[in-house]
C-alpha cells in the first residue's frame, strides 16, 4: 500500500536494476513451453542461457521465469534477448504501475496478479511482466503461486484454438487468466461484505470498522490495477500494435468486457462499503439513544419519588402529615400512581 | 449483486459454455413467430432443429427461447445458426454486462430485464440476449415471465408499422419494451420512497435505514444496466451497423431519450435517498436532544430539592430550624417557588 | 418528481398518444397571431380546423394551444399539420425531458416552464412544446397561466425587431421568456434561503430540515430542466438547423448565456443549502452540548452535597459529629464553600 | 450572491436597458487617455459626446466610464460608438457572467473586480466591461474605487512597453490588473483562515462556523468569476480574434497562468475550509465527551455512596449495625476506600 | 500554503522582477559543468559574467545557480543569455505554478522540489527553474540543499549515457531527480500514516486530527506540484518541442510513468487519511457510548435502590414494616436480588 524503498533510486542512472520487492531467497525457476499445432516441448531449465535455442525456432516459445529478485538472471535475460534497459528496470520495480510499452520488436506489458494470501484477510499483489515477441513470449512473476497451470494444461491437451494460433493469442490467454483471477478476489470480497452486513446489525463493534476500511483499501488497490489494464487492453484492441492480429482482437474484446465488469463491481462494492460505514455510524448513535432512554426513564421515574421520600424523612418538629394514620398508605398510592402514569407516558413516547 | 461463480471460469478456454445463473429445472421453451405484411405463422416447438425451416424464408422470423440453463440447446443453436462461440459464452453468462457486438452477419445485444419479484421488496434481474440477423431475430431469456406478449399481440393484430418493417424494427420494439419496463421499476421505487419519507418523520427506526440502503442498491444496479444500454442504443443511432435502417433509427432515437430519462430519474432518486439518510440521522440526534432535555429538566428540578430535603433529614442535635413552627410550610413554599421558577426557565429555553 | 403512469405505455406501439399529466376538464383554447411588418391578425378559435387558413400564408403564424389533455385535438393537429406520430407522443407525454428534434420541415423543441404555484412553497412544472416551421410556430402548453402575454403585447405594439423577423426570432423570444422565468423561481428561492438562514440560527427545528430538502429538490428539478435546454440552445447556435438564421443566432447566444447563469446560480444555491444542512446539524449538537452542560453542572454541584446531607441523616448510635454544637453551621459552611468553588470551576471551564 | 431583480426583465424585448445593480446617485465620470509613443493627452469630460474626437485618431484612446446606473449615458455611448444593443444590455446587467463576445469591429469582455469592502468581513463585487476596438478601448465600471490608477501612472511615465503597443496591450494590462486584484482577496482570505485555524482550537464557538461559511461562499463567488475569465483569456490566446496581435498573446499567456494559480488557490482554500468544518465538528463532540466524563465520574462516585448513606438513614427497628460502636468509622472507611478505588479506575480509563 | 505578497505586484509592468520568497542573506552560488564524451570541466564562479565563455562552446554546459533572491544576478543572467523578461519574472516568483514555456531558442520549465524540512513534521517547497538551450542548461534553485549532486557524480564518472547525449538528456535527468524526490516524501508520509493508524486506535486525541489535516494538506500541495509537471512531461513526450530528441523521449516516458505513480499514491493516501478521519470520529462516538453505558449502569442500579432506602427513612408514625423483625434482612434481600438481576440484564445487553 505504501511507497517503499523507491526513494533509494533517486539520482541513479535510468536502467539501473534495483529490486524493490521483499527480500527473497528462493531460487529462480525457468519453465519453457515450445509448441505449434503438431509439436510440443516442455522443459524446466536452470539458466537464461538454456532458453536461447528456443528463441529462433518457428514455433511459439513461452518462457516463464519465477522470481525476479535475482539481478543476475534479469541482466542475462536482457543481454540474451536484447531487451531495453528501461524495460528491465520496470520488470524488477515491483511498484510499477500496469502499463504497455512498444519497443518495435516486442511489446512489454506489466500487470498485477492479486489473490487472497494464505493467512487470513490479507491479499498478495504480484507483478507479472509479459514480453511479447513475434515468436517468443516471456513472462516474469514474483512468487511460486502458479496461476498459469490451467493454460499449460490447455496447451498440453491442445484444447481450444491455442495451439494453432501465435504468440499474440498466448499473450491474450495470459491476460485473460490475470483478469479472471480478479473475479476470485471479488467473489471472496463479496462474501466478506455479506458477512459484515450481518454482523453490523447484530454486533456493531469498532473492529468491524477496521475490516470495512481494509476491504475499501483492497478495492482501491484492485482498481489501481484494473484501470490501467483496461487501458492496455483497449490499446491492444484499437490495433495500435502490429504484433497483435485481427483474430486475437476479437478475443481481447472479451477481456476488455471483463475488465469493465471488474471495475463495475469494484464501484458497487465501494458504494456498499460506504453505506455500511454509514449504517455502522447510525447504529452507534441508535445505541446511544437506547442507552439514554434507559437512563432517562429510570431517572425520571425515581428522582421525583426519591425527593418525596426524602421530604417525609425530614426531621421538622411540626409536620402534620406524619401523624396521620393513612398517610403512609396514601404515600404509597401516590408513588404507585405516579409510577404507572410515568410508564404510560414513556410507552406513548415509544421509549419502552 | 455479488460476483458469484464467475471465478470457476478462470483458465478455461474462451468460448467454453458455463451457465452462471441459479440452477433451474424448467424445460426450455421455444416460440416462433414468422410474419410479413400478409402472412403470420406462430408456433411453439421443442427443439432448435425445428426452427431451421424458418431461417431462410424471406419473412421476418422471431425465435424466442426461454431458459438458458440447458447447455445442449445453446450449443445446438450455435451450430445450427452458425453463431460465434464467444457469443454463446456471453448468452449463458448471466453476469454479462449489457453490450453490443457486431459479428458481420448479425448483431448481438445483451440487455437486462429488471422487475419487481413476486415476493416483497425484491427485484429480479433477467438477462435478455438478442441476436439480430437480416431475416431472423433470436431472443434468449432466463425466466418464464413473458414481457414480450404485448408485442406478440401487436404483431398478431398487425397494429402499428411492425408487420411492414423488417427485423431491425422488431429489435427496436424489443429494446423499447425492455426500457419501458425500467419505468415500472422506477414507479414502484418512487412509491416506496414516498412511503419511506412519511415513515421517516413519524417513526425513524433503524429498519428504515436498511430499506433506504436496499433502494439505493437497486438504483445502483439499475444504473449499471441502463448506462451501457444507452451506449448500445447510441451506437445503433449513429448508424454504425448496416443491419439497422434509417427508418428505424428515428424510433431508436425515441428509445435513447427514454434511457436518458431513466438515468435522470435514477440520479434524482439517489439524491433523494441520500437526503433521506441525512434526515434520518438528524432525526436520530433530534430525538437524542429530546431525551436529554427530559432528563436534564427532571434532574435539574429535583436534584437540588432532594438535597434540601436531605438537609433537613440530618440528625444534628442543634438544628434551630427544625424547632420552628412555620419551618415546614416555609420549606414547602421554597420548594414550590423553586419548582415554578425552574419551569419558567425551561419554558423560556424552549425545553418544555 | 416521481415517475408516474409512464409504465402504462410499456408494450404499446410507438406513436400511441397517451396523456401522462393530471386529469383535467378544462376546455382546450387555441390562440392565433398572424403578423408581418405591416399586418397583424389576432384570433381565438375553437378547433384545429380553423387554424388551417393561416398555415400557408407568407406571414408568421403563431398558434398557441393551451391544454394537451384532449387527445382529439392533438390528433387533429397531427393530421392537419402533417406532424410525425413520435412528435405527438412527446407532446402529450408530460414527463418528456427537454429536447430538440429535427424533422426536416420543422424543428420540435420541448421545454419546461417552472413557476411558483399558487399555494405556498410549491412549484408547478409545465411542459411547453414548440414546433418551428418556416412560416408557422405552434406552441402547446398544459395550463392556463399565460406567460407569453408580454410577448403578444410586444408583437401588438410592434416593439423591438419581432415584427420584422421570421418564425425563428419568434421561437427565440419564446425560449427567452421560458429562461427568464427561471430567474423568477431563483429569485424566490434566494429569498427563501435568506429567510431559512436567519431561522436556522434563531430556532433550528427539524421542520427547517424538511424545507431545506424541498428547496434542494426544486433545484435538482430545475437543473434537470435547464441542462438539456442549454444543450438545445447550443445546438441552435452551432447553426445545425437551416430554419434558424444567422441574425437570430446572435440573440440565441444571449439566451445561452442566461442558461449558464441559471445553472451557475443553481449550483451556488445547492452549495448554500448543503452548508445550511451542516450548520443545522452542528447547531443541533451545540444545543446538545448546552443541555449536557446544564445537567452536568447541576449534578456535579448537588450530588456530592446530597451525599453529605444523607451522611448526617444516618441513624448510627455513635456519631460524635452529631453532638457537636457548631457542627450544623460548619456543615453549612462546607456546603456554601463547595458551591462557590464549583461555580468558579465551571466558570473557568466556560460552562456557565 | 442571490439573483435579484433579474426577473423584472422577463418578457422585455432583447436590448432593453435595465440597470440591475443597487440604486446609486453618484454622477457618471468619464476619463480619457489618448496616447502613442510620443504623445499623451489626459482629460476628464462630462458627457459621451466629448469623447467622440478621440475615436478616429490614430493614437490609442482609452475611455473609462465610472457609473453605469445612468441609462442616458449608456444609450448615448451605444449610439455614438455604434455598439450593439445586446452589448449595452450586458453592460448594465450587473449580474452578467464574465464573457467575451466578438462583434467583428470590436471585442466585448465582461469581468468581475472583487475586493474587500470598506466595512469588515465583506466583499464588493464590481462589474467591469471592456470594449476593445482597433484604436479605442472603452472600460465601464460601477464604483469610484480606482484600481486602474497604477496603469495610468505607467502610461504617463511611459514605463514598460505600454506606450509603444496598441489597444490590445492596453486590454491585456486591464485584464492583468483585474486578475492581480484577485490575489489581494486571496491574501486576505488566507490571513482570515489562519486566524480561524487558531481560534477553532482555542474557542470553538458556533460563530466560527458562520465565518467559515462566509469564506466558503466568497471562494465560490470568486471561482464563479475566475473560471469564465480563464476561458476568456484562453480564447484570446488561441488567436481566435484578429484584434489581438501575436506580441500580446505572449503576455496574455502570463495572465492565463495567473488565473490558473487563482483557481488552484481557491481549491486549496476550499479544501482547508472544509477541513476546518470537520475539525470544528469533531471538537464539539470532543467537548461533549469531556462534559460527559465529568458527569459520569461524579455520578459514579457519589450515587452508590449516597445509597449507602440512605441505607443507614432507614428507620427499621431492628438494624443491628446501628448499635455497633465502630460502625460509623467503618462506614467512613468503606466510603474513603471506594472513593480512592474509583479515582484510580477513572485514572486508568484516562477520564481524569 | 497561503498566497503571500503576490498582491504587491498588482499594477506593475509585466517583467518587473520581484522576489516573492522569504528574505534571505545567503550569497548566490554558481556552479558550472561543461562536458562532452571526452572532456569535463567543473568550476564554481562568482558572477554570471564568468559563465559566458561556456555559452558558445560545442560541449554541454550546465549552469546551476543557487539563490534567486538577488535581483542583480537574475537581471545579469537575463541580459547575458538574452532571456525574455517574463521568464525572469517567473524565475523569481516563488509562487509560480509548474509550467513549460517555449521561447523558440530555449525551453523554460518551472518545477517544485519538495522535501521534508530539517525540523519535525514540516516540508520545504523549493522552486526549480530549468532553461534548456541547444548547448546550455541553466538551473536556478532557492536553497543550498544539493539534490543534483548524484547527477554531477554520474557526469564525473561518465556513468550511464549522460556524457554521450545532449542538453535534452541532462534536462531529462534533472526532471527525473525531481520526481524521484517526490517518492522520498511519499515514503515518509506513508510511515507517518502507519504510525497515526496505530495511535488512532490506542489513543484518539484531538491532536491526531491536526496531524491528519497536516498530511492531507501536504498531499494537496504535492498534487498541485505533480499534476502540472505530468502535463509538462506529457507535452515533452508528444514531441512538441524541437529541442527534445526522439532518443530522450523514451526516457521521458519513464518519468511520465513515475509522475502517474506519484499521483496514484497521493490519491491513495488521501483516501486513507479521509478514512482515518472517519475512524477517529467514530472512535470518539464509541467512547461516548462507553461513558454513557457506565453512567447509565450506575444510575439504573443505584437510583431505585436509593429511593427504597429513602422510603424507609421516612418518619411517618404508622409504618408497619418498620416494626417487623425480619424487615431489615428482607430489605437487604430485595437490594441484592435487584442488584444481581440488573447486572444480568446489563450483561445480556452487552453493556458490561
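Labels A, B, C, D and E are assigned to the chains in the order they are written; within every chain, residues are numbered from 1.
Assume contacts are C-beta pairs under 8 Å (C-beta built on N, C-alpha and C of every residue); 3 or more make two chains touch, one makes a residue touch a chain.
Given the structure is predicted, the values throughout are model-derived calculations rather than measurements.
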item: If a chain touches chain B and chain E alike, it appears here; value: A
item: Number of steps on the shortest touching-chain route linking chain A and chain D; value: 2
item: Homomeric contact chain A-chain B: same or different residue positions, threshold half; value: different
item: Chain centre separation (chain B, chain C; CA means) in Å; value: 26
item: Centre-to-centre distance between chain E and chain C (centres being mean Cα positions), rounded to whole Å; value: 43
item: Touching two or more other chains - residues of chain B; value: 285, 288, 292, 295, 299, 303, 306, 310, 313-315, 319
item: Chain contact topology (line, ring, star, complete or other); value: ring
item: Chain B - residues contacting chain A, complex; value: 1-7, 9-16, 84, 86, 89, 95-97, 99, 101, 203, 206, 209-210, 213, 216-217, 220-221, 224, 277, 280-281, 284-285, 287-288, 291-292, 294-295, 298-299, 302-303, 305-306, 309-310, 312-315, 319, 321-325, 327-328, 331
item: Chain E-touching residues of chain D, taken from the complex the two chains share; value: 147, 149-151, 153-154, 159-162, 176-177, 180-181, 183-184, 186-187, 190-191, 193-194, 201, 250-251, 253-254, 257, 260-261, 264-265, 268, 271-272, 275, 278-279, 282-283, 285-286, 288-289, 292-293, 295-296, 299-300, 303-304, 306-307, 310-311, 313-319, 351
